[in-house]
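First the structure, which I've put down as structure tokens, then a few questions once you've had a look.
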Amino acid sequence: MKKVKKRKRSYMRTREDVIFDTSNIIFMILLCVVMLYPFLNQIAISLNSATDSVKGGIYLWPREFTWHNYQHVFDKASVLQAILISVLRTVIGTGFGLLCTAMVAYAIAQEKFVFKKTVTIIFIMTMYFNGGLIPTFLLMRDLELIGTFWVYIMPTLISAFNLIIMRSFIEGLPRSIFEQAEIDGAGDFRKFFQIVLPLSLPVIATVALFLAVFQWNQWFDVFLYNSSNEHLTTLQYELMKILSNSATSSGDANSAFANSGGGSAAVVTPKSIQATMTIVASLPIICVYPFLQKYFVKGMTLGAVK
Amino acid sequence: MQTQTPINTPTSPKQTKGIKPFLKKCKEQRALLWMTVPFVIWVFIFKYLPVWGWTMAFQDYKPARAFTEQEWVGFKHFLFLFTDDRFLGVLRNTLAQSVINMVLGFVTAIGMAVLINELTNIKFKRVVQTISYLPHFLSWVVAAALVSSVLSIDGIINEVLMGLNIIDEEILWLGIGEYFWGILGAAETWKNVGWNAIIYLAAISMIDQEQYEAAKIDGASRIQRIIHITIPGMKSVIIVLLIMNIGYILESGFEPQYLLGNGQNVQYSENIDVFVIKYGIAMFNFSLATAAGMFKTVISFIFLVAANSLSKKMGQGGLY
Amino acid sequence: MLKKKHLFLALIMMLLLAVAACSNNEAGNESDSTDDSEGTEEVVTYKFFDASGPATDINTNETTLGKRFEEETGVNFDIEHIVGDVNQKIGTMIASGEYPELLNAEQSTDAVIDAGGFVPLNDLIENHAPNLKEMYGPYLDLMKRDDGNIYVISSGAPHGYAKPANLNQGGWWIKRSVLKELGYPQPETLDEYFDIIEEYTTANPTIDGADTIGFSALTYDWRFFALSNQPMHLAGFPNDGGITVDMESQVATVYGDKEMTQRWLEKLNQVNDMGLFDREAFTQNYDEYLAKITSGRLVGFFDYRWQVGQAMNTLAEDENFYNDYMAFPIVFEEGIKDQYLDPVGFTASPGIGITSGTSEEDQIKIIKFLDHIAKIETQKMITWGDPGETYEVSEDGRYTRTQEQIDLTSSTEFRDEFGFTYFEWGWPRMRGVFDDGNAVEPPKQPEVANLMYDEGDREFLDAYGIQTFTELFSEPDPRPWFPAWDTPIETGSEAQLYEQRVNDLMVREYPEMIFADPSEFDSAWEEYKTEFSELPVEAYEEVITESVKRKASLVNYE
């Protein structure tokens, strides 16, 4: 990077450059406003009294400030356990997924591999069909995965989409670096670990992000397979529960049977819980990206390898 | 459309080269086999085995009954789907929405990646990158609520247009069916452009920096560098993604359509997935949902194969 | 290079650690769960999956009531509530044949019965549940399926009629400040109702700077019935769904294409032409609709009270009680008796049932628990609570609540902790009045309802010369089939298809007709009617009529 910067300075910025950069920056700032607004809006709603939020018109600042929505979400003891499982499934799911995807991607990127095409097609097809909810459920039952942690990891080990992305990056690596290794007598496993992985950091970071976000956001598999196993619940699922509960406690559903008199001040509404949930669920995972970004900017310095 | 193109089943080497050299090759490549075979087994168990469920499409499926006790009804559910008065409209909406989303999605994400890459200040670049992918983390429920409020009579769009005297009466954006595809495309783009750009940013960062240096010395302008280095550098990823997405031609999503759809725009918002939710899932009719899924898979394969061979013919390489 | 290698090693280490941590975790929990499932004979825990609605998952013994019942019966329940789609969740249960011991399958109840997932309860009730039998007495026949078996016990066995003090059903709401400004008018017909809206809107084209909206409607997603049910109510029928039932012949008739619907839509068309109908009525979502009600710029709307609970609570909390709304029973013309209040009725399904795979011994334990709930003392406990704590008993035996007790029993925390949240509905329950004359549900007890009125409520009660807000509404006529919408509709039948199709048609055509130029309304209506006639209306009417007649022959509320 340093090298590049130094050189850059040695060139004169042309007028075209200045115009381009300025308009680009202005455009990006406008874009950021549009992209950031919804989040600030959700934060404001999550910090606003639920009954007041029903009136609408909350933009960037809460009207009646309260922590109540957050208290309501974190009130349950199971939330801590849920966060733990969410983190675990994200870390383990991403780690395993990454390793397995990269390995298969490496193999099917090799021109010489006898099953290159067969394996590729077998995986690609899986992107366009699925057996459906009930057969999949029965399979998980027969594999005795229901009620275990591994039901979060095993079925989603390799996604064909990530596999193909990774393959096309590996195929983009220059042949020359492999040839050198082959002369040194390196086998496929060594080439995979010592050359391909280190050189593919941008795509590894990308796929890692895809996997992590996928794992973190999943709640449907918890609902299907582990809804009665409290120790395997995840944050997203707990939040879904709190969200659907809020419809009842806000006096929507069964109010006819309760004391629907004044309604107490401590109510939550789906809208306020939705906002709180958006913040609680997405902030941790959003923070993953900045850590991965350095692998995007670095660029490939082939010289170092050669 | 080249519907006649057969699926390129790989001719296994043993036919052309005999069994012995093939086995020898396998032995040579045992490391590669170790890397793939376990996962091929995995994919068969987890992805291919449940496909027995497709038999449901030909049954009046009742979950409680054993396989042999199910009532077989032939193509009844397919007929129901294809003969419905609305089917053509629903299909049209699905295709239109998905094509619009695909074109918009590709162009904006690539453009976004290129522009982000052109930012010179590293800190600003990272901040922009992170902010631009934020909307991806909003659930559609939240996103649709925002879209709806922005487009309402006293929403910001109407206020700006009124303020600029472009219109003299507020437009009920979601109440005019013809606008729906555009609104959907814009919403999808806003939500996913930053997220979709990530993959292209990764591709750009794999481009050899020396190419840029050389181009600068040759006096290439910014735009020229983008056109001649950055875009070609992303080409292989773009093509792969394009082919894969063409396979998703009948997948236009259902959440935004469901959440933003209403009686006034239903002629343009209702797509196959929404139809299946109404007449399949919501009615405990798993068979209809399966039939629709099968239909989509067949169309997917046809488009995928066509796109792949077209790409190969044009000398751009394919998915397989 | 070196650095990169470290990174990779670190990643692998992290993985291994995580795996180790996780398997530990699992092992720990497994031994945990084996502990409590097969413990000593004293207390048994059963699983109860409740698809009827969301609530916090809990073991019943974590509540005051549940603990008490556990001590009395030796049984408690781990309750799990539904979060996602009911059909999908129950579908997987049926397919795998693995059920919790006790199940409320909500709209998938018929599918579970078809699958043999519930055990017949007839003998269990006969032999082990005298209280249950007494409470459900006349309705046991209604609960029987075609094969003569009872599979589920639903909540709410009617026992006399208690008129609610506050409207919890449908009504035509008008903002209180409008009523005040116009001198407390009391609209009775549709024309009078819209005259009030017109008069006020003309005089006040804006409220607090925003344009006044005359009349709005909730049409979002599945809530569309809040616009399509009105013809039935205006013609003097209670909420039977998409049909009206003739009192004499007990024949169900679809009204969506009848004159009463035309009349309603034509009125809306005129109202729209006068600029009184909300342009956004068909594009707004639920939240935007609620926001409109609380914004103070909406003059009137029709809805069911339980749909606008959030908005009403918000309005009740702010200081200006003139922003609240008051409901009126509106009919097409004088001489029609309004029927907005639900008549006494019994829904036989959904309900809770014991699932197959439960041992006979456990079946008996569970039915005895349910029988315990059905005792009159328990019934009073799950709705009123404890005397001296959550209610008071006057000398003449009337139940009442003090202001403190009303506040206490309204608080979510207390309701969760005490167990009202989990027990007051869904279990065997009676509805109406106890033999001693007290209402089963406290809010329906006039003494309690009276205490709940504040200063603002009093002003309007006094202005209209009434004691309770429902006094404006007529008493419901007995309709033993009510509610007709609980008729089980077979999966994949013509009738089931009709329900979805008619909804789609209305959702699409109503805005066309309402927003049409008045001169074009008739042709739009004809077009709609033609499309309507292509639907399998007869098949649907037949199914409902059959069910109505069957119910009417089995029970009599008079």
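Letters are used for the chains, namely A, B and C, taken in the order the chains are written, and counting of residues starts over at 1 for each.
Simple rule for what comes next: a contact is a pair of C-beta atoms (placed from the backbone, for glycine too) under 8 Å apart; a residue touches a chain by one contact, two chains touch by 3 or more.
Molecules present, by chain and UniProt name: A = ABC transporter permease subunit; C = Extracellular solute-binding protein.
As the structure is a computational prediction, the values presented were derived from the model and not from experiment.
Undergrad: Taking each chain's centre as the mean of its CA atoms, which one is farthest from the centre of subunit B?
TA: Chain C.
Undergrad: Tell me the chain pair with the top count of C-beta pairs in contact.
TA: Looking at every pair of chains, the most contacts join A-B.
Undergrad: Suppose each chain is reduced to the average of its Cα coordinates; what separation in Å results between subunit A and subunit C?
TA: Whole-Å distance between the two chain centres: 37.
Undergrad: How many angstrom lie between the CA centroids of subunit B and subunit C, rounded to a whole number?
TA: The separation of the two C-alpha centroids amounts to 39 Å.
Undergrad: How many angstrom lie between the centres of subunit A and subunit B, each centre taken as the mean Cα position?
TA: So the centroids are 17 Å from each other.
Undergrad: Hunt down the residues of subunit C that sit against at least two other chains at once, touch-wise.
TA: If we look for residues of subunit C contacting two or more partner chains, we find 88, 91-92, 95, 287-288.
Undergrad: Would you mind listing the residues of subunit A that make contact with two or more other chains?
TA: Subunit A, residues with two or more chain partners: 56, 133-134, 138.
Undergrad: For subunit B, give me the residues that contact two or more of the other chains.
TA: Correct list: 63, 149, 286.
Undergrad: Considering the complex alone, what residue numbers of subunit A touch subunit C?
TA: For subunit A paired with subunit C, touching residues are 51-52, 54-57, 76, 88, 91-92, 95-96, 99, 133-134, 137-138, 141, 148-149, 193, 197-198, 201, 220, 223-224, 227-228, 230-231, 237, 240-241, 244-245, 247-267, 269, 271, 304.
Undergrad: Touching residues of subunit B toward subunit A in the complex: what are they?
TA: That would be residues 7-10, 12-13, 22, 25-26, 29, 31-33, 35-36, 39-40, 42-54, 56, 63, 115-116, 118-120, 122, 124-135, 137-139, 141-143, 146, 149, 190, 194, 198-199, 201-203, 205-209, 213, 216, 221-223, 236-237, 240-241, 244, 247-248, 286, 289-290, 293-294, 296-297, 300-301, 304, 319-320 of subunit B.
Undergrad: Tell me, which parts of subunit C touch subunit A in their complex?
TA: 1, 4-5, 8, 11, 14-15, 18-19, 21-22, 25-26, 29, 32, 47, 49, 53-57, 78, 80-84, 88-89, 91-92, 95-96, 98, 100, 166, 168, 287-288, 290-291, 294-295, 305-307, 309-314, 316-317, 406-407, 409-413, 415, 420, 424-425, 441-443, 452, 454
Undergrad: Can you name the residues of subunit C that touch subunit B in the complex?
TA: Interface residues on subunit C, with respect to subunit B: 85, 87-88, 91-92, 94-95, 97, 108, 111, 114-117, 210, 219-221, 224, 279-280, 282-285, 287-288, 491-492, 496-497, 500, 504, 506-511.
Undergrad: Provide the residue numbers of subunit B that touch subunit C in the complex, in ascending order.
TA: Within the complex, subunit B contacts subunit C at residues 60, 62-65, 144-145, 148-149, 152-154, 172-175, 258-259, 262-264, 266-267, 278-279, 281-286.
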